[in-house]
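Inspection log for the structure reproduced underneath, given as structure tokens.
By written order: A, B and C. Residues from 1 in each chain.
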Amino acid sequence: MSRTYLGMPGSHPAASRAPFPEAAAASTQDAQLRGNLRHATHTIRAKRAKAVAELDDWGALRAAGAAIKDRTLRHLDHYLERLEESVTRAGGTVHWAVDAAEANRIVTRLVQDTGEREVVKVKSMATQEIGLNEALAEAGISAYETDLAELIVQLGDDLPSHILVPAIHRNRGEIRDIFRERMAAWGRPAPDGLGDEPRELAEAARLHLREKFLSAKVGISGANFMVADTGTLVVVESEGNGRMCLTLPETLISVVGIEKIVPTWQDLEVFLQLLPRSSTAERMNPYTSTWTGTADGDGPRDFHLVLLDNGRTDTLADRVGRQALRCIRCSACLNVCPVYERAGGHAYGSAYPGPIGAILTPQLRGVGGSLEASLPYASSLCGACYEVCPVAIDIPEVLIHLRERVVEGGEVTLRGSKAVIKPAKGHAAERAAMRAARWALDHPGALRGGQRLAARTRRFHPKRLPGPGRAWTDTRELPEVPAESFRDWWARTRGERGEK
Amino acid sequence: MLGRVRRALADVPRDERPQDQPVARDYRRTHGDRTHAERVGLLAENLADYRADVHRCGPAELPALIARLLAERGARSVVVPAGLPPEWLAEADVERLPDAAENTARDLDAVDSVVTGCAVAIAETGTIVLDAGPDQGRRRITLVPDHHICVVRARDHVVDSVVQGLERLDPAHPLTWISGPSATSDIELDRVEGVHGPRTLEVIIVEDAAEG
Amino acid sequence: MRVALFVTCVNDTLYPHTGQAVVALLERLGVEVDFPPAQTCCGQPQFNTGYRHETEPLVRRYAAAFREYDYVVTPSGSCAAMVRDNYPRIGAKASAEGRGEELTEAAASAVPKTYELTEFLLDVLGVTDVGAYYPHTVTYHPTCHGLRMLGLGDRPRRLLEHVRGIELRELAGADECCGFGGTFAVKNAAVSAAMGADKARAIADTGAETICAVDNSCLMHIGGTLARQGAAARPVHIAEILAATEDAPPSAARAAVEGSPR
């Protein structure tokens, strides 16, 4: 039913651990995947641009969103204390989880305390990040994903590949086949003669899940926002599965990253404009639920909030990298990313694919692993992600900052403690080449010498290069080296002067 | 964990207060100056754009309209919030299930429709907000039945913008913001209406006679 | 007005005709341009790969090489963006590491005078019609750093629209990255090649003879991909189109400049 839980804190269970270039080299060859992703991302790109263009104050909203998040992050200790106080006052119970293992232990115990062996879940990035479903399965508790795309992923024994649309790598035909083949094993089977129209597929999911909603006693969610002042949690969704999980069960457990705080109720006026338009490209998503602790006779009697660190404070300690914690998980950066579009989400090896994953995963987990060390390079630095980010995270800036951490090492915070890390392995030849290049480029005479040597030997230059150069010449011709460099032409025609 | 957070923020001066970090709120409070009629028109337009069925009537016509919508739907039973004005359902020939804590989700699943009021309606986004007030009831009654009729009193409820809507709402109440019937974009990022929540959302905008 | 050409290491070594075209174009517009030979490379390949400390000497070198000039003009959107966006960051990081203000000052001197060619033509010289003649079909690819970091906007297009004889063809998905990305092209060769192939297809679909951009590094990748596919379109830097006239078509323009020592 589910894959083996590897028990690695902060890692998505069963996710690829191969470095990004290897995983991407395989996925770019998958024509079906490429076609599905191209279709989906291009559809949403145009819609988002239209939804954003409707607001002529988008720039001001974006700046305010970034500023509110920055204020929160710079005073996160203050706001966390405030949040705990207000949630507790409203009848909720707050738990603190320093890492994935602790969060999973807390949630497992809370479910066990209810005596239930089944839970319904709203799509939540935080619970994917910590591998909660697999941890619950080990304790004999079945977790049912209720978001349509998560259901497709769970039934297909697959992995999510997108923040908003985890099954974006599947097209309608594949989804129909998964429903036909797998629904029966999990509950109500797919209707006879199920076709591949999205409307029919959505209806099949409605019928399959309704039984689970009506009998659910425990719901598990994440949250898009937590308001420190009031203790209010906010879940933004489309299908109504969120409302089902948040209001029908007797016990609600919300696992939320500590960076999801906003200081005040008023601050939501910014994010409830930024998020829907950036995410599903709608003026407003169909359903938004807010709740403050427990309400008498309406919704769960018990509410638990599990506040998750799991590398977030390590990220916070980095002055350049901390802007990644502004992220509101809209996925606009994935939808415009040319690398994501070709490589697909699985190559990023975590719950967070795309550009945001390329800066978040290496910070949450550290750059020690070969996958994590490869992620900051999974970008052509084209900047499309920064342009659409509703909270103005300068993803290219953070990517380059993390590349520096990979090749130069230096001081970092790892699991709460300061540490000095060494440069990553496997960059020795590159480092030597960079040094040599820097030396030559800092000595124009040497640069000129090299250019002249290349010009003299140009008749002998091969069309295809061996070794690392093959990566270029496998698909591209090399430029021809000219007979004379610009520098030599200038000296010859305009006279040499001023060279040091 | 708070210790970790504080260590991570070693670069923040000790005497810096949160409000020392500026937040410029120079975005708009509303996106346009509208007359009341324009505002209500925009609400209707945006609700319809996301596939809600929109009806408009005067107060005197409301009971007949609700009765007609229920009849057209073939609804035989309806959940009724405790504080729903009784005259709204005066002409409807349906079985009434009063909203109550004892009603289970299965009880609600057996009911055809629900009729509620609302707390706020936001024109720019086509959103109605329920705050569990007396004429709206518990959150689940507008979730489990497949048909929701929501009555918006134009003069009392309609605001222009998200900013204005939030100001009117009390976070202590559980809120449900509804913008059209449930939908999903999970298949090829293409929007399809109707998944788990009510697949049919009918919004009745009631104008006072003088506003007509 | 003392104007220097920052030709960039890529153009210096591989595309001298682009540098020559800038010289011919600016001289035609009455601008005397100098080439201080102490210049080498802006440091972008090092910096963008993570070798910030290897970049620092090149920041100093750039600032020193162009110290006595009012304007530095470069036929590269990404090198101009490197100076403008990243030099101040390199200075700020060195300063935060307690290594003084030297790099911050170097950045402060370099940033305001550095202009990408089309910016210099429109914003400083105020010309849109540079008197060029280029009787070919051309499609324009806005490179990412020009488009999104420098914010070149429609400057290159406005210049191209005033070229006589030119026929501009719209490029589908123009604002999508070509997949070059510096060391990305070899570190993530499969994705880079896939992006390049899509871009090459879009270019071929225009039927244009020429694919034009403000950056030869992107054109090297695009052109290399087109050539491998046997496509007809040929990469040409925008400077070479703007330098061409009836009397001096691209090849003749090169010869004319080459044959006129001063």
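Going forward, contacts are C-beta pairs under 8 Å (C-beta built on N, C-alpha and C of every residue); 3 or more make two chains touch, one makes a residue touch a chain.
Source: prediction; values computed, not measured.
Enquirer: Among the remaining chains, which ones contact both subunit B and subunit C?
Expert: Where subunit B and subunit C share a partner, that partner set is A.
Enquirer: Indicate, using Cα centroids, the chain positioned nearest the centre of all protein chains shown.
Expert: That would be A.
Enquirer: So which chain is the furthest away from subunit B, centre to centre on CA atoms?
Expert: C
Enquirer: Indicate the whole-number Å distance between the mean C-alpha point of subunit B and the mean C-alpha point of subunit C.
Expert: That gives a centre separation of 54 Å.
Enquirer: How many angstrom between the C-alpha centroids of subunit C and subunit A?
Expert: Whole-Å distance between the two chain centres: 33.
Enquirer: What parts of subunit C, by residue number, touch at least two of the other chains?
Expert: none
Enquirer: Which subunit C residues qualify as touching subunit A in the complex?
Expert: Of all residues in subunit C, those touching subunit A are 7, 9, 11-17, 19-20, 35-41, 43, 45-55, 57-58, 61, 86, 89, 144-145, 148-149, 175-177, 179-197, 220-221, 223-225, 227-228, 257-258, 260-262.
Enquirer: Give the list of subunit A residues in touch with subunit B in this complex.
Expert: Where subunit A meets subunit B, its residues are 36, 39-41, 43-44, 54-57, 60-61, 63-64, 67-68, 70-71, 74-81, 90, 96, 98, 146-149, 152, 164-165, 167-168, 171-172, 175, 198-199, 201-203, 205-206, 209-210, 213-214, 227, 230, 232, 238-241, 243-244, 246-248, 258, 263, 265-266, 268-270, 272-273, 280, 282-292, 295, 297-299, 307, 309, 313-314, 316-317, 319, 413, 416.
Enquirer: Given the complex with subunit A, which residues does subunit B contribute to the contact?
Expert: For subunit B paired with subunit A, touching residues are 1-12, 16-18, 21-28, 31, 46, 50, 101, 105-106, 109, 122, 124-127, 132, 138-140, 143-144, 162-163, 166-167, 171-192, 194-198.
Enquirer: So in the complex, the part of subunit A that touches subunit C is made up of which residues?
Expert: Within the complex, subunit A touches subunit C at residues 20-21, 24-25, 28-29, 34, 338-339, 342-343, 376-384, 386-387, 397, 400, 402-408, 430-431, 434-435, 437-438, 441-442, 444, 447, 451, 454, 468-469, 471-472, 474-479, 481-482, 484-487, 489-500.
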